[in-house]
Amino acid sequence: MKETTIYVLERPELRDPVFIEGLPGIGLVGKLAAEHLIQELNAVKFAELYSPHFMHQVLIKKGSVVELMKNEFYYWKNPDENGRDVIIITGDQQVAPTDSPGHYEVVGKMLDFVSKFGVREIITMGGYQVPELQGEPRVLAAVTHEDLVGRYQEKLKDCQVEVIWREDEGGAIVGAAGLLLGMGKLRSMYGISLLGESLGYIVDAKSAKSVLLAVTKVLGLEIDMTALEERARETEEILRKVQEMQRAMLEQQMPPSTQEEEDRGYL
Amino acid sequence: MKETTIYVLERPELRDPVFIEGLPGIGLVGKLAAEHLIQELNAVKFAELYSPHFMHQVLIKKGSVVELMKNEFYYWKNPDENGRDVIIITGDQQVAPTDSPGHYEVVGKMLDFVSKFGVREIITMGGYQVPELQGEPRVLAAVTHEDLVGRYQEKLKDCQVEVIWREDEGGAIVGAAGLLLGMGKLRSMYGISLLGESLGYIVDAKSAKSVLLAVTKVLGLEIDMTALEERARETEEILRKVQEMQRAMLEQQMPPSTQEEEDRGYL
Amino acid sequence: MKETTIYVLERPELRDPVFIEGLPGIGLVGKLAAEHLIQELNAVKFAELYSPHFMHQVLIKKGSVVELMKNEFYYWKNPDENGRDVIIITGDQQVAPTDSPGHYEVVGKMLDFVSKFGVREIITMGGYQVPELQGEPRVLAAVTHEDLVGRYQEKLKDCQVEVIWREDEGGAIVGAAGLLLGMGKLRSMYGISLLGESLGYIVDAKSAKSVLLAVTKVLGLEIDMTALEERARETEEILRKVQEMQRAMLEQQMPPSTQEEEDRGYL
Amino acid sequence: MKETTIYVLERPELRDPVFIEGLPGIGLVGKLAAEHLIQELNAVKFAELYSPHFMHQVLIKKGSVVELMKNEFYYWKNPDENGRDVIIITGDQQVAPTDSPGHYEVVGKMLDFVSKFGVREIITMGGYQVPELQGEPRVLAAVTHEDLVGRYQEKLKDCQVEVIWREDEGGAIVGAAGLLLGMGKLRSMYGISLLGESLGYIVDAKSAKSVLLAVTKVLGLEIDMTALEERARETEEILRKVQEMQRAMLEQQMPPSTQEEEDRGYL
């Protein structure tokens, strides 16, 4: 595998679809939000993205089955005749923080792919790390073009969560949540980044809920949030088990450094 | 050398060959197992794989001869007319853990190559690091497709070693032992990973023996294990000598960092 | 985005243009100097350079708008009929110090691009870190060809700042300020590097002023320096705010290492 | 510059030339030996090798002139009608130890290039780090093919320096000194590595002398060694000056990490 490759399972006809990203990041906020959205909308997987820039390993899944690290595209057809369809991407991981060209390659491939389905608007979801939280996590917003602020503000009116427009000039949005907007802009796409405040080191269902409240408001949809905290608890459970396993291993002396480890926990 | 290259010494005709991987990793389990299998089956080397993603050095071999870092393919023709032939890969090293694209490239080339000989089934061997061992090392199994569990269980019936089906969802198999299965699956290949429990920081003949008991059971073969511990002792001896040499060197002040070292011990 | 790409906004006709580089580096000297020059000359942006070797993030700009990391080309048309025009490059960042091939690619693309506008001469600006300063920062000069020393000395006669010709054989000029000259030389271009002494860890308006005094002398121009210190103060203010934000975050426990951070401060 | 490139200044006709490598490494042994050989033979530079895998900087040379990092090819025509000509490579640096693919690329280009001049035999020179020295540094030898040991032993008979045939199986030769032989072997070239014992952290003229005694014996040449120690002293002087400069700088607080340093000492 020389470069990032997308395996297409189905080629749906979509109506002016909005592309929504929720990949692993701070507090797993984006990933949790995307998975919940997929579940509640009953969205259908239609493509898988593999990349030599992902970790060189397979993950153990249910039934002792192994699978290559991947990202997954889902679509949802809006039953409302005048509504827009949705494409959602989530997955096992993002490219490593030390591999910038890998990030650009993967995000470029994502944009190539979704533009074939007519995507013009992108919403990216994720966490924004803060030292402390006061009340419900707020959502920080930034857009690709200045005139969008008003348009999105209109849609976010009466949103149950406080949405803050970012004024931290010189601040950054790292990874797919940022690059999809930045690189999309160069292709005449537009969109918004919605990041939920998070302490960052937990599986943050509350932050994901805030983000989803804003995203669904933008989309003009309503979804049930009750299963979200349960999902977060399960994710946390898995992470804790894996980390305990890793800690036990690390207490042993390390193997010689030129040996490649065949098996080690993930996350 | 711009990319991973395979030098073919011979082009054998093989009958539905099973591809078996045993490269350096935890406890050198996979490499030891592969070398023992090659020795006992009298398998024949027929190809060498070189890669710019391997360490930029040559190794000193017998007779003061130098050789580039490499992996090697061996074949074994099953004397049983109804039996299947075997391809085994082992070698000096795997790509460095920090170079994911290198891993994907090398494993992709391996799969390109063996598929020319009709390979559909892959068995990967290696170690699985555990903090402590109780009795003989067990073997952990995972497969490419859910319906294979039953099929392999059938073959592993009455195996002299305990085989555990992995249930550590979210766990991983890192390196060639994982990627061969994950990437092979994308090419309609199938197979099993058999990892022996190991404390990880020794040359682990016991773990290699456990893995070989399971692998030969799957293959329907029997091989003599007596030489295995001797081989492990020799390997350990070489490693100790090299490490002593390195320690002696490191006690000296380090050379200026922009100087490339012409000579340093391996492993 | 597979490689460094330049988006051209306008294709000006330029008269024997001098190419001037001022990208982020020690004390932000080069970037400050370039931005001041652009402001005072009322230079016009005509191209943007994007690279997969830049950090995989977007920056927050005014109005909650995000933009990909980039470098920018400006041109200035000399109103003097016998004068030469100018192309200036500045930007958000340079390629990371650990990515040498990225540096060579980006600088190669810059040279490809400006050579289309007839550039033969290059002036690179930056800082030169010193442990202490005595009086006004001096400017250190080095050239692509030995016979240029005399030619530039002639132009720099009566310069208000002391220009030192470098004699530190074995010393280096790292990054675009060096590579533009070194790689330009291989394409029959020529030029000079002018680096202002700087303590290096501040936004160094004084050093930028020294460099600009030398550069404008070489160009035969005069510009007003009064706004320079104000600009430096503003830059410092932004940097301080971002760094405080970062410090607050870092005091929290770090998130799991395989999670990509969606949001972190820049600089 | 996308890949390693060789600029050819002259295309000499050479008679069965031996290719001799002496690039920076342990104790600068190989580089010192190569430079002395070039000087004493009055060898002529005929090509320069540039690579995006070299450090992204220019070096300051005499007369305040900057030059890109490079390696250089020299040739020497043997006045003896029956003698063989020589190609020597030396240079500013080797690819960084963390960039294996870069090493393979650069060495591959070297071999492509010298094979056009009919090179079949390669001699690589360098240092071999030892914790302590007893008497004159010995030279460690290894070859590409087993049957060469006898042939070179014959040539090395009566050599003034002790040549040891390496028996440290599993040991390695890192960098160009190793790769040229390993990769050359795959192209039907052959040769020998001659490494002088060295404490490694000085500019080691004694070790270089030992290596040159062996190399000239193999070549059937004699050269004057008197200037070698003087050359080593000069090199050491330059290194010390640069290092002092660096130490002074490092005592200052470090600049923000995302700033690329424009100027820092070399070595």
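A, B, C and D are the chain letters, set down in written order, and residue numbers restart from 1 in every chain.
Rule of thumb we're sticking to: a residue touches a chain if its C-beta (ideal position, glycine included) is under 8 Å from a C-beta of that chain, and two chains touch if they have at least 3 such contacts.
Nothing here was measured: the structure is a model prediction, and the numbers come from that model.
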> Expressed in steps between touching chains, what is the minimal separation of chain B and chain D?
Replying inline: 1
> Looking at C-alpha means, what's the farthest chain from chain D?
Replying inline: A
>> Rotating chain C so that its CA atoms sit on those of chain D: what angle is that, to a multiple of 5 degrees?
In response: 90
> Whole-Å distance, chain A centre to chain B centre, using C-alpha means?
Replying inline: 35
> If you average the CA atoms of chain B and of chain C, how far apart do the two points sit, in angstrom?
Replying inline: 50
> Residues of chain C touching 2+ other chains?
Replying inline: 55, 96, 239, 266-267
> In graph terms, with chains as vertices and touches as edges, which category applies: line, ring, star, complete, or other?
Replying inline: ring
> Every touching chain pair, please?
Replying inline: A-B, A-C, B-D, C-D
> Can you name the residues of chain C that touch chain A in the complex?
Replying inline: 1-2, 7, 50, 52-69, 96, 99, 102, 238-239, 241-242, 245, 248-249, 251-256, 258-267
> Which of the residues in chain D come into contact with chain B in the complex?
Replying inline: 23-30, 55, 93-97, 100-101, 103-105, 107-108, 126-131, 140-146, 149, 165-179, 181-183, 185-186, 193, 195, 199-201, 239, 266-267
